[in-house]
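Each structure below appears as structure tokens.
Two complexes come next, and they have one chain in common, chain A, joined by chain B in the first and chain C in the second.
After this line comes the complex of A and B, so read on.
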């Protein structure tokens, strides 16, 4: 599937939804970035593709929902940042457990970090499907 | 490089418990159970708005009411369909990652037989596979006392001879859950039954006064 076909699918399937046009803007924005910058995309960095720039809005959440859902253009992961600003990648199970319990075990010290939501950065990575589309 | 605004807590704070938070919940959801829960939250969010604006929604057809819900779901970024061909013509369906599929039969209440027909249809439409075994029956109700209708519906379903297990109340008397065996797969289907009270009438001051006891 080409990027043009992807856009067509989104605009057709989500016709009338403001998030559809926004998700197309995000695709175009990501396609314009150097490969290095695609390795770690925060939610707010995706907002750079939108008219509101760094502002987190419901429309942005809906647009990213389109891209991460069954379209499978973006994968989401979790990064733990401890009190010393050290960063640790969480695997999918750890990330899911941290979200549901709002606590996470520190990968090095083994200590339980409560209020995990304040220590976790969700980030996005384009999927193979996305890379195939922009080729 | 990240800053505090990139963290989960800050994102949810910005989304302020609104529809964006529901979208965000769904894109983060990692299990089918979580996905079902988020889709149901989304439906609750949408129909809550419909109830609040029911004065503008009088006289709508079953199809129009159903499309209103589908539009709301699409607005939140769900891959939602109206009348998709999934084991039959499913009123509402939502697809997600890893083969997730949630179905919904939307009925404008007229008779309990009509609801029972919807229940049986929904059971037939459900694939019954993992991640495809939860569904909702949405009952749009334009007459008074939706709670009484829900109680009667559940009572009739319980005695319909369909081997359905009715689950205890969860607190909201306008919502109930049931389980029954999927005919083809033999797995358990979980249905949520939700009634949407849309009755509305203007009460003119003269009529309201007439109802007051005379001094």
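After this line comes the complex of A and C, so read on.
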């Protein structure tokens, strides 16, 4: 599948949805960057692809959902930042559990942190499918 | 020893990510976090009970080689031979069982000098294990009602820094071959460096009394290894680096993803290429990926940490390195062997 076919698929599947047009903007933006700069994409960095450039909106979240969902163009991971500002790249299993339960196990202390959403920064990485499409 | 005590002992000293990996590698159950894991072992299955000895061994291995600040001492062949002979007379006849000791942190003995709790022969050498109680600060949320009541309406929460006692195990290790002795001090991530400095002296003194002479007095200089190991691209991945430049700036960089390597980071490399003179690292953290099986890796980390001012001295000195995230003695040995490799090359160049 080429990048043109991907865009057609998105715009066809989510016809008229503003998030669909935005997800196409994100794909074009990511395709313009070298692979070494696509290792840690946060909502803030993806917002650069939007007309507002900096603001993280519900529409952006919906566009990212399109890309991480059935299209499998972006994988999502989680970075835990604890009360001492130490950062921990979470295991995918633990991140998945944190998204379901809104609690996360601190990798150092082994204690449960509640309200995990307030302590975890989600980040995105393009999948092999994305790289095949932009070849 | 009951497996319940061993799990409790593990929870007191082993980082969750490491403890969880140890349980996984033994095919034993884990909960989400230590609390749920401890609950899971309150009524252990037959299979878990059978693994009690193996798990106690894993805890002993962690006491010998997990979360350590390490000093090396290059000794004369006659000195280390005398030390080996002296230690042999103390070798424990029964295996070390440390979980009960870990759980006993009676603060009355907090000021006591390190006590030799055992001498064990392990693959590659002989280890003298010293035990003492140290403290580390921990932040604790206090009740608003019990502290400031209704006297302030601009305060959201109150915290206290509490000194929590923990059982430390410090190890003098003499390799079966070579002349380089090791002092491995317990160094939990929250422990203050100052408390370790005092404990280092106490263990050196206690060891001298036990073997009958002072041998661990001049630690080996590890400073040259900071640059050497950063430069060696075959040596793990660089996850943190601090360095000076001749342009008059000091820089710090740290990776955020587990597998990311500063040596291949485009921003770092562009900066390095932008300079004609080489950068001058004074602190580096390197991580290795050592496969446990096809799915999981142990991720031991080495930190060689000094300061920008030390870097500018005529003969900069660094007497310690820190090893974290070891799930076994073999993880620690891997890191230590990499240190030895570069140190041998450095000493050979200097000779």
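A few comments on the model shown:
Heads up, the rule we're going with is that the second predicted complex is superposed on the first by the 135 of 135 C-alpha atoms of A that agree within 3 Å, B and C clash if a C-alpha of one lies under 4 Å from a C-alpha of the other, contacts with A are read in each partner's own complex, and residues count from 1 in each chain.
Going forward, contacts are C-beta pairs under 8 Å (C-beta built on N, C-alpha and C of every residue); 3 or more make two chains touch, one makes a residue touch a chain.
What you see is a predicted model, and the numbers here were worked out from it, not measured in a lab.
Following the overlay on chain A, a side-by-side fit with no clash is recorded for the pair chain B and chain C. Of the two partner chains placed around the shared chain by superposition, chain B is the only one that A:44 touches, whereas chain C remains out of contact. Once chain A of one complex is fitted onto chain A of the other, the partner contacts of A:106 are limited to chain C, with no touch recorded for chain B. In the superposition on chain A, A:79 makes contact with both chain B and chain C. In the superposed model, A:52 makes contact with neither chain B nor chain C. When the shared chain is aligned, no partner comes close enough to touch A:114: not chain B, not chain C. Contact with neither chain B nor chain C is seen for A:2 once the two complexes are overlaid on the shared chain.
Looking at the shared chain after the overlay, A:89 reaches chain C, while chain B stays out of its contact range. In the overlay built on the shared chain, the residue A:34 is in contact with chain C alone; chain B does not reach it.
For chain A, the partner with contacts to more residues, out of chain B and chain C, is B. Figure legend note: chain B and chain C, brought together by superposition on chain A, show a least Cα distance of 8 Å. Residue overlap on chain A between its contacts with chain B in one complex and with chain C in the other: 79, 123. On chain A, the positions that touch chain C within their shared complex are 34, 36-37, 39-40, 77, 79, 83, 87, 89, 97, 103, 105-112, 123. Listed in rising order, the residues of chain C touching chain A in the complex are 11, 15-17, 19-20, 32-35, 37, 139, 189, 254, 256-258, 260, 264-266. Residues of chain A that touch chain B in their complex: 13-14, 16-19, 23, 42-44, 54-66, 68-72, 76, 79, 81, 92-93, 95-96, 99-100, 115-123. Chain B makes touch with chain A in their complex at residues 2, 5-9, 11-12, 14-15, 18-21, 23-24, 26-28, 30-31, 34, 71, 74-79, 95-97, 100.
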